[in-house]
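Reviewing the structure listed below.
By written order: A, B, C, D and E. Residues from 1 in each chain.
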Amino acid sequence: GGGDTAGGGSDGGGGDAAGLSFEVAKDVALTGSPTFDKIKSAGKIRIGVKEDQPGLGFLDAATGERSGFDIEIARWMAASLGVAADKIDFKAIPSANREAALANGDVDLYVGTYSINDKRKKLVDFAGPYFITGQGLLVAKDNTTITSEKDLDGKKVCSATGSTPFQNIKDNFPKADAISFDIYTKCVEALTSGTVDAVTTDQAILLGYASQNPDKLKVVGEPFTVENYGVGLPLGDTALRTFLNTTLTDGNATWTKIFDATLGKSGTKVEQPKVDQY
Amino acid sequence: MTNPAHAPALVELKAVNKHYGALHVLQEINLEVAKGEVLVVIGPSGSGKSTLCRTINRLETIDTGSITIDGKELPKEGKQLANLRADVGMVFQSFNLFAHKTILENVTLGPIKVKGMSKPDADKLALSLLERVGVGHQAAKLPAQLSGGQQQRVAIARALAMKPKVMLFDEPTSALDPEMINEVLDVMVELAKEGMTMVVVTHEMGFARKAADRVIFMADGQIVEEATPEEFFTNPQTPRAKDFLSKILTNG
Amino acid sequence: MNVLLDNSQLFIDGFKNTGILFIFSAFFSLILGTIVAGMRVSPAPAMRAAGTFYVNSVRNTPLTLILAFFALGYPKLGLPEISFMNAAIVGLSLYTATYVSEAIRSGINTVSVGQSEAARAIGLPFMQTLTLIVLPQAFRSVVPPLFSVFIALLKNTTVAAGFSVLEAGSIRATLSDLGEPLLPGLLWVALIFVLLVLGILSPLQRYLEKKWKVAR
Amino acid sequence: MSAVLFDVPGPKARTRNVYLNTVTVIVVVGIIGFILFRFYESGQFTAQKWEIFTFPRVQEMFLTVIGTTLKAFAVAAVGSLVLGIILAFGRLAEAKWLSLPCYWFTELFRAVPLLILMMIMYYGLPSVGVKGITPFIAVVVGLILYNGSVLAEVFRAGIASLPKGQREAGLAIGLSNGQVLRTILLPQAVRAMLPVIIAQLVVIMKDTALGSLITYNEILYYATFLGSQGQYGSPVVPGLMVAAVIYVGLCLILSGVARYTEFKMSSRVKVVKAKAGIAG
Amino acid sequence: MTNPAHAPALVELKAVNKHYGALHVLQEINLEVAKGEVLVVIGPSGSGKSTLCRTINRLETIDTGSITIDGKELPKEGKQLANLRADVGMVFQSFNLFAHKTILENVTLGPIKVKGMSKPDADKLALSLLERVGVGHQAAKLPAQLSGGQQQRVAIARALAMKPKVMLFDEPTSALDPEMINEVLDVMVELAKEGMTMVVVTHEMGFARKAADRVIFMADGQIVEEATPEEFFTNPQTPRAKDFLSKILTNG
């Protein structure tokens, strides 16, 4: 299964919010990849993304433009496969449906804060990682009591129902009051109205929210777990995985350009992680 | 209108009018019922008999005119209206016993709650009344366990328990199986003999002949004819009454 | 069986919260619903209108939305802070109360007009007609539909899963993150609901219905 | 309506009613006023939070998601009515092998929470390799299974509530059991149960909103998505308000249409009357 | 039992027994109704009159014994049973007109659906029958728009439309307002005169006297007495019949 794009079908590919463009590869030679064969015969690629995570995978409801680090990575991957930006069908797929969407062939790739772990490796393949982050904390701008994960005792900490960060708080910070909503947007809303004290999930996601509302929100502390974001692809398509890994490895300059134009705007400097050709 | 009993009027309706929307159900009704008089109301379906009956204890309001009981105008609401109603007993076509209470409780409810009688006194009164209408041994049962005729007799006992000045009966036997009609009519005849003032809507000629002092015939919201039972049944004056009687008298 | 045993704590916690939501919401909706039913049969037109407005607007709004309002809109009212559990209870109660009030109101309407006329005819005033004659009889015809309302409430508690109450409806999300097989997990949840409804609530409903039918 | 309970009010009762009316109006206005005031105070009515609704693209999207909601509703409503009639007939069948499974089917699907049913469809089945379950299918099938079972019970109760004589009169003129069911009982049951059926249709309409929890892109899902738009002040509460207005509007329109149909049906009496007037 | 008409039996019940749980509602009933005979069944409430009537077109099943119509045993189910029922017309106490169909449709439904008659033919037949029972001009109305007496006459027309061999009437007038009873009885008397075979449960002595060939009196599930109307009403043999008649004859 997979949800349709909330922002207006799949025509969001044309917009180029970050002002980036990638050279579309010609005469891509890639054999033994059923996914690529499908892309080639269709003349377009379907990529699953998030659309409610500012800075990573975001859709502007008013303009229909997609933006963010993940979106640009997706466009880069498409270009390397010889697909132009206007031939990309973005589909918004919520976290819970990612594996099913790839398995059912609803999307060819998935680029959306997709952490690589062993459990998921049984269901899908990952290219990358293309980014490393970890669980962080988002608090109100004027909050001085929470500076790191050590200050969570007795505090209301919000995350997505059933998510790994949520389990982590419940299991490893038993004195914190774990709150959960189905989506992070609601957690952030609860944070701004003071109903919860902190929102926790991957720091990259939190940075996106903080940059959207810098007057009210800030990210504190260092990541206290490690999450490797990868590009999800259908299980068993090793040819495609190798191809995308090569693209990532060879494209350090492009990666840096993408990072600087999106997440890097906040001034942080991060190196591209080394791909893991497992 | 004449009052054959020549006693002071206990119930008096003067120029009473009532509409249901466009329908003029009661048209300038003038009527007196003397103390101790038994008045039978007869007439085709829809002529306003039930409505007339129900205005007398203000289950229906009237548009214009006045209704007095024992010389007092009907109160509009509240405690006074409740007290007036306690003075006017009513027996319905469909019995309307309180389905969730025993026969005894049905009869004692009014005396206890309205008259403030003690429970033992009320029980004694109720049992004697139930005895009188012939269902004394059923006191502990629920209404659904009784036959229609028995239920209607309990309904009469329930009304009597309030020691009413006048009793209204709205087709008290028309929901009954034929063989039960007489057991109810007998109780009513008995009551009439004891001098109870009664207004009875019924088509039972036998009762009218035996117990009524006066018969009024209604049609289309008006009192069309008024006479002694003997006069009325043997020699109706208006064509409407003649027609009606011819319809109901040939059967049986 | 494995999913259930391996995650027994998850199931126990989930259904415990479902139970808490159910019991408190049932209690408060019964009280509120009775008040609203009273308003809807009241002689004052404005009270009737207010009751009708409340019932019509809340009944035509999805429960999901009502719960969202309580989780996210309520904190903006500047009223005393309440936990999400309590917010869910308030939302469920407000929603369920409309159904309770309809059950009670239609129960009152099933009592035949003759019953209250007979009561008035022996001189009972309004309050006594209501409390001695109408309500005791209405109650009997109210209980079966009321049970249906509460069965619906039990199932509706699952919707609170999206609003920070970890009950039966949120077991799926956790299982999914733990990588447990989803279908068996969900089927267990469904089965437990079936047992609660068909094993406890429905038989109770039938028992009361039967008991009072005989008494009538 | 309340004639069951009350006497026609006299002068005193009327005064008391005026008093009650005034108090009610004050309380209701007070509550609504307080909520609006607090929302205003906490900045829910600022231009920034409502600006997003002025964009044509957003308005178009609202039309689109109203469309997806209506699509799910329409398919589920028709499906539920059909399933309901089939199950009701099944339950009324004399053959035990037919009536018993139908009975258990309705009992079972009325006992499982609809959201769980949708989750089983949407998350459960794909996890064991069933393909092609879109959110639309999960929502619609869930709605049909649940509401079909509820409606089956409604139809059955409607048929049971008809006077016994209707069935017997049908049999007495030589109609078969099936003919009696189809031509005599069902049409009358539908008419008698129309208010309940309408209420159930409104339930279906509302329950499409559960689709938002399994990512079906309908009104509530989109309204929630708008909450993520930080550049427009993350209008979560305004989004919910707009969604609520749309849902209430849709449900009221539905009830209105249904009432119109009901009126049309009952006005058949009047048409017939008019015709008879010409003939006689 | 004797058969006063001495014609071959059209309806024949032999040693029929039926229980409702512990209640033995029909006890060894033997009964023959000859072609063209009019049989009136009379008896107190609960004596089994309706049950007897309903077994004849198998709306109620019997425990033991046999019932034959025109020499053929009652079929147990299916098409044959439906056909048998089409041969046996039935008129109920509560009319039971199909509430959602017009008067005309009520009458044409059977001929069209059961006999496969064309709609124009059925309409013609129905209109002539409605004319005959005096409600021809009401054909386009719905049942609820008619008075009780008119509804019952339509019910008779509906049954006649199937061209039945025998007609069963179960207290056809007891739900009617008194002034409407005769319009229904008149139709029934007419029918009897035309030679229709009829079984009529009724307490209307007028009808029995005018139209019945034979009266049977039932009590507690048994046929207690059987006679001509004249004999029965003037000189009942059993104490039960005497008691019953005394109850229903004093009123009116």
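Here is the rule we use: a residue touches a chain if its C-beta (ideal position, glycine included) is under 8 Å from a C-beta of that chain, and two chains touch if they have at least 3 such contacts.
Just so it is clear, the structure is predicted and the values come from calculations on it, not from any experiment.
J.: Looking at the contacts, which chains touch chain C and chain E alike?
T.: B, D
J.: Based on mean C-alpha positions, which chain is nearest the centroid of every protein C-alpha shown?
T.: Per-chain C-alpha centroids compared to the overall one single out D.
J.: Greatest Cα-centroid separation from chain C: which chain?
T.: E
J.: Of all chain pairs, which one counts the most C-beta contacts?
T.: The chain pair sharing the largest number of C-beta contacts is C-D.
J.: Could you state the distance in Å from the CA-based centre of chain A to that of chain D?
T.: About 38 Å, centre to centre.
J.: Round to the nearest whole Å and give the separation of the Cα centres of chain A and chain B.
T.: So the centre of chain A lies 84 Å away from the centre of chain B.
J.: Taking the mean of the C-alpha atoms as each chain's centre, how many Å separate chain B from chain C?
T.: Computed value for the inter-centroid distance: 46 Å.
J.: So how far apart, in whole Å, are chain B and chain E when each is placed at the average of its C-alpha atoms?
T.: 36
J.: Quick check: what residues of chain B touch more than one other chain, meaning two or more?
T.: Residues 78 of chain B touch two or more partner chains.
J.: Any chance you could list the residues of chain D touching two or more other chains?
T.: Only 7, 9, 13, 42, 123, 127, 213, 224, 236 qualify.
J.: List, in ascending order, every residue of chain C touching at least 2 other chains.
T.: Only 68, 72, 76, 120, 161-162, 172, 176 qualify.
J.: Pull out all the chain pairs that touch, please.
T.: A-C, A-D, B-C, B-D, B-E, C-D, D-E
J.: Residue numbers of chain D touching chain A in their complex, please.
T.: That would be residues 42, 52, 55, 57-58, 60-61, 64, 122-123, 126-127, 131-135, 138, 213, 215-217, 221-222, 224-232, 234, 236 of chain D.
J.: Chain C touches which residues of chain A in the complex?
T.: Chain A reaches chain C through residues 96, 119, 158, 160-164, 166-167, 179-182, 186, 189-190, 193-195.
J.: Which residues of chain B touch chain E in the complex?
T.: 44-45, 147, 177-182, 185, 203-207, 244, 247-248, 250-252
J.: Spell out the part of chain B that touches chain C in their complex, as residue ranges.
T.: 57, 59, 78-79, 82-90, 92, 94, 96-100, 109-110, 113-114, 142, 144, 155, 158-159, 161-162
J.: Under the touch definition given earlier, write down the residues of chain A that touch chain D in their complex.
T.: Those in contact with chain D are residues 1-8, 51-54, 58-64, 94, 96-97, 100, 103-104, 182-183, 185-186, 188-189, 192-193, 209, 212-213.
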